[in-house]
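Common to both upcoming complexes is chain A, partnered first by chain B, then by chain C.
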Partner chain A sequence: MARYLLRRLNLFLATSFVLFIVLFIVTSHFPVEKSFALTGLHSPNAQQIEQIEKNYSLNDGQFSQFFSYLQQRLSGDLGISATSQRPVIEELASVLPASFELAAVSAMLALTLGIPLGVLASLSRHKITQHTIMAITLTGYSIPVFWLGLTLSLWFGVQLGWLPISGQLNLLYEIEPVTGFVLIDTLLSDSPYSTSAFIDALLHIILPAITLAVLPFTVVVRITRAAIITIMDQTYIKAAEARGLHTSRVVLRHALPNALIPVLKNLGLMLGPFASYAMVVEVIFAWPGVGAWLVSGIYQRDYTVIQGGVLAVALIIIFISIMIEVLYTAINPLSRKELYASN
Partner chain B sequence: MPLLDIRNLTIELDTPHGRVKALERVSLTINPAEIHGLVGESGSGRSLLARAILGIPGHNWRIQADRMMWDGHNLLEMSPKQRRNLMGSEIAMIFQDPSSSLDPVIVVGDQLIEAMPENKKLHFWQRAKDQKRTAEKWLHKVGIKDTQKVMSSYAWELSEGECQKVMIAIAVANQPRLLIADEPTNSMEAKTQAQIFRLLTKLNQLHNVSILLISHELETLSIWCDQLSVMYCGQIMESGPTSEIINQPFHPYTKALLNNIPDYSGLVQHKSMMKTLPGSAPALQHLPIGCRLGPRCPEAQKKCVNQPKLCHKKNRYFACHFPYHEEPCNDDATTTS
Partner chain C sequence: MRVLIKRLSAYSTAACIFCLLTGCGPQYVPPGLVYCSEGNPESFNPQLVTSGTTVDATSQQIYNGLVDYNATSGQIIPSLATQWQISDDELTYTFQLRKGVKFHDSVRFTPSRAFNADDVLFSFNRIIDTSHPYHAVSKTGYPFFQSIGFDKLINKIEKISDYEVAFHLNNKDASFLSNLAAGFAIILSEEYGQLLIKQSSEETIDRLPIGTGPFKFVQYVKNEYIRYHRNETYWRSLPQAELLVFDITPKSTSRLAKLITGDCTVSALPKAGELPVVLEHEELEIDSQPGFNVAFWAFNTQKPPFDDVRVRRALAHAVDRDNILRAVYQKTAVAATGMLPPMSWAYSENKSIIEFNPQKAKQLLEQAGVENLTVDIWAMPVARIYNPNAHKTAELIQADLANIGVKVNIISYDWSVFNQKLSQRSYDSVLIGWNADNSDPDNFFTPILSCSSVASNSNRSRWCSPEFDRILAKARATTSRAERKILYQQAEAMFADKLPMLPFAHATRLAFKHKDVKQSRLTPFGGISFSGNDNGDISDVNIEVKH
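After this line comes the complex of A and B, so read on.
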């Protein structure tokens, strides 16, 4: 197992290295001066120019330039934002938690609703129930997320006026950020209105979370259903039934753990689309997350922000997909069998 | 009263090639506390019969029967829940492919414990430990020495033989009234086979467990069984007390089986053909009409295109128009179906 973890770590480092190479090459193709693209300083004075040339080895060959670039980026220097003149890493730290919060809530929604519904769909004998669930999930799968976000905010936010449609928290509440996750911060806060602030934060997250959860939810339902249907025909399910176990016990204890394995695998594959959907959703609902921040950086030709955002998002996706793979190996005894064979 | 009484059970399978009668008018009677052998080639529908008795049909099965009585209750009229209650506690089964009959993501010990009843006399905090001890006892009985290690292993970490022993332990742990053993020893070494058969006979003698022993080895069955049924292609050929069948088979198929047991006396010439019936067992899509042995039967005549009824002579049953038996069967003259 240690060897396996080491190999996964190696994969993470190698992929990240390739990512840095790509970013470096792209940076040199930005239609601005290289020192500006690297640091975000618009009109540096003579001393700053000298410092930049020294830091990024701009007068040397491409290789030493790349390693200087790598050194700067790894030491946490992402340059400063051209528009706000604040260090990019600071801005990144302030927007990342909001994105994580949204992603976590949607993923939880998708899994807690999707898996039971998938099981129900696979077990129901009625053709009508099955087809209804399948039709609904197919519809959800094919709805464009930007249209869904706008429509939901139009219905529930504007016409019905039930839910707020933009931002993370009403401006009335001033909550001291501790973890960066507003839902947790409002609970931790000792201000007299922390409960109402929590409810407000909850109301704010409903629409974006539902919009973002629709795609993974439909995928989870479909994969769970397909997996359970194949597994229910396996001999070990028949054998479990032959032991006189109740159907619910057979499904929950024997079929579901086996079915979750392909679900987990597909979650890893879904990360990329999920991240890009999250960006769209953040822009639609003015969610102060990394997606909205990155998109606004793109509009303003803020090259350091673009680099920082792409770097952060890509690193997170690489990391999480490797984590999902490790988790897959950890919870799936069958994959350890392959591990024994291959090592 | 027989423990299990099946009359004219027909199982049809929906296949891509149309509906196929995998079992045709099978009758089987098992008395309490007897070991009943069911012998047949692979593909003759023995496992289908076992699964139909237990009540775990596949999704493309159609089951019809004149009657299927379990201890005086009709199995066909029971609700799925009632049948599920019978499974495990009254009827248990040892499956044919042991390693795929165990859940791959749960350790074997948990699956064994899951199948065992809780001892209601103990307090609930003592039950888990008691179950574990009982599970180890049963594993020990079926011939597993390192019980701790096996119980914490996954099915795919064990050998096929070990899995089979675990399956046997799971099946016998509840001390059911009928144990269906579908090729219980096919992946074991000879010594363990004998051990398992001794365990089964001990269960039979001490706890009055009836056993339906399914195998293709007529020799093994003839040692351990009281009653024997011979199946071919989903039809029962002959059935009766083992010793009588061995001494005087009435059905051509049984006779052929007995004659074709290879003898190891060394009289057979080197590299000579082994004795078999001509031809081979037909595939499910190409079953002959009437008696399915017909095309291969040495005694077959025109009449054999009608399926012979099972006829009853003393305690012997056989389904043949031309049995090796002096008096013709009473029903035989009226057979027109």
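After this line comes the complex of A and C, so read on.
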């Protein structure tokens, strides 16, 4: 197992290294001066220019330039934002929690609703129930997220006036960021309005979270259903039934844990599309997360923000997908067997 | 199986109840106003910029000037100066200052003294005195003051006593007081300046502002919001709103949606097409104010072939401006016959302004020997007071010019990039406009058409005519309105003849708001005020103007 983990770590480092190479090459092709693209400083004075040249070895060959670049980026220096003149890493730290919050709520929604529905679809003897569930999930799977987001905000926001459609919180609430997660911060806050701020935050997250949850939800339903159907035919399930166990016990104890393994694997595969969907959702609902930040950086030709955003998003996706793979291997007895066989 | 379904239904019922509870529970919102603004301010000191977005976010909220405008009559009224005297030769203006006005306090700064003459000297010397410690702190210069030649106008600012200041002018200027009342001429705290010098973080003065205005600056998050608290020691009556938040929302439709869902209470710069939507909602209303502005299409007269007046006239003849008024403004604007809007006292209808005539346009182009012309039109990406939709305007012009065989490329960038690229001077033509800072007619010429404004980049046509400048200087040096009016008409005639830019509309200022909001008020010369003060209400002061 240790060797396996080492190999995954190696994979993470190698992928990140390739990512840095790509970013480095792209940076040198931005249609601006290289020192500006690297640091975001508009009009550096002579001293700053010297410092930049030294930090990024701009007068040396490409190879040492790359290693200086790597060194700067790894030490946490992502330059400053060209438009706000604040360090990119600081801005990144302020927008990441919002994205994580949205992603966490959506993932929770998708799993808590998707898994039971998948089980229901697989166990139901009625063709109608099965077909309805499958039809709904197929529709959900094929709806473009930008259309869904706009439609939901038009219905529930503008026409019915039930739910707010932009931002994380009514701006009149002043909540000190402690964790960066607004739902938690509002509860921690000692402001007299903390309860209503929490409710307001909850109302704000409903529409974006639902929009973002639709895709993973449908995938979870379909995979859970397929997995349970396969598993229910297995001999050990038959054995459990033969022992006279209740269906619910058979499903919850014996079938579901095994059915969740392919769900986990597919979650890892879905990270990429999930992240790009999250960006679209953030832009539609003006959610102050890393996606909206990156998109506005692109509009404003803020090259340091673009690099920082791409780097952060890509690193997070690489890291989480490798973590999911490790988790998958750890809990899947079959893959463990393969692992031992291959070693 | 049955148990499973039971559990599922119990679970979903619980979830539903939770949603209902949270959805219908009583909500308490802190008392305050949320204003959906259209963009990020470039700075928190309006001295450094000319953009209306920055003026909106600062001048009326954080700062006060020496003098102010009465919103209804357009008269100049006291603000931080209680009264003033003008010497017989009209070269010395003496201001008596208000006593007991406190500056804001913040985490960094607690004022130890009230506002006095030192603050006035500090604020204005920063602009005109190149050896002032803060003069070079501004990377953008002082564009408004440069464009009106403020540094050449002021000979000296003299502190007579702690509460009396005299401005000595080099030459007569009838627009001087009006310019002081503009949103750009605000008063900074000298004490704060000294503190920042000690901490050697001078640039903070424009980033974390301290002023005397109705609201204190609290926090700014780019692309998100600006937060203000009420200034509890404000010298005029306290604003009703304890909190003021600018919710930065560049998209006009998003602003409207936020207004409808109640995320904001007042919304800026609506598009004309959105008016019917607001009328459908009973709780919303439209605030309007005849605009002191002009929207124009400026040609870069330093770039061939636009240096040829025949080409400029040809392009102007080809554009159907009535169509633009109909499609872009939808009756919320009046057609421009020159630079001055009908509200200005120097206005008179200018018949010589160019008419729609594609045939003539073709002939003029032939005369000029220009063939296969391609024009880049830069269209602002954001709505401004004077033009709610520059992109649509550009598309209409594109269609019109196609009729005379001129090809048009529409170019657009994000607003801050757009401004930067404009100052690189490489554009062919740009659709932009001007929102007046004060009621003086000079404000429609000197800041945007004079030679000095070419240098400060606020003259988008980059057109410089010494003769035109002479007319303007003469008009400024005269105090008789009748004479000035004649001079400004001369200027208009010359402008129409040379046509460095094509004015097409004076737009009505609009804002959408919830009906229960009473304390927001559009000011005629740009800026929006949330203090609930009508500046004309001050009864305890007497205005004394001697000649």
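In this text, the second predicted complex is superposed on the first by the 343 of 343 C-alpha atoms of A that agree within 3 Å, B and C clash if a C-alpha of one lies under 4 Å from a C-alpha of the other, contacts with A are read in each partner's own complex, and residues count from 1 in each chain.
The working rule: a residue touches a chain if its C-beta (ideal position, glycine included) is under 8 Å from a C-beta of that chain, and two chains touch if they have at least 3 such contacts.
Owing to the predicted nature of the structure, the values given are computational and were not obtained by experimental measurement.
Applying the stated clash criterion after superposition on chain A shows that chain B and chain C can sit side by side. Shared-chain residue A:V310: touches no atom of chain B or chain C.
Applying the stated contact rule after C-alpha superposition, one finds that A:A226 touches neither chain B nor chain C. In the superposition on chain A, A:A239 makes contact with chain B only, while chain C stays out of contact range.
Shared-chain residue A:H254: touches chain B; no touch with chain C. When the shared chain is aligned, chain C comes close enough to touch A:Y173, but chain B does not.
In the superposed model, A:I165 lies in contact with chain C only, and not with chain B.
Once the two structures are overlaid, the count of chain A residues touched is higher for C than for its counterpart among chain B and chain C.
Chain centres taken from Cα atoms put the angle at chain A, between chain B and chain C, at 160 degrees to the nearest 10. Once the two complexes are overlaid on the shared chain, A:L264 sits clear of chain B and of chain C alike.
The gap separating chain B from chain C in the superposed three-chain model is 11 Å, by closest C-alpha atoms. Across the superposed pair, chain B and chain C both touch chain A at residues 246-247.
On the side of chain A, the complex with chain B involves touching residues 233-236, 238-247, 253-254, 257-258, 261, 332-334, 337. Residues 51, 54, 56, 58-59, 84-89, 92-93, 95, 97, 100-106, 111, 114-115, 154-157, 167, 170, 174 of chain B are the ones touching chain A in the complex.
Of all residues in chain A, only 42-43, 83-84, 86, 94, 116, 119-120, 123, 153, 157-158, 161-167, 170-174, 192-193, 196, 199-200, 202-203, 246-248, 251-252, 286, 288, 292-293, 296, 299-301 touch chain C in the complex they form. On the chain C side of its complex with chain A, the touching residues are 1-5, 7-8, 11, 22-23, 25-30, 32, 34, 40, 139, 221-225, 227, 243, 245, 247, 249, 254, 257-258, 260-263, 413-414, 416-417.
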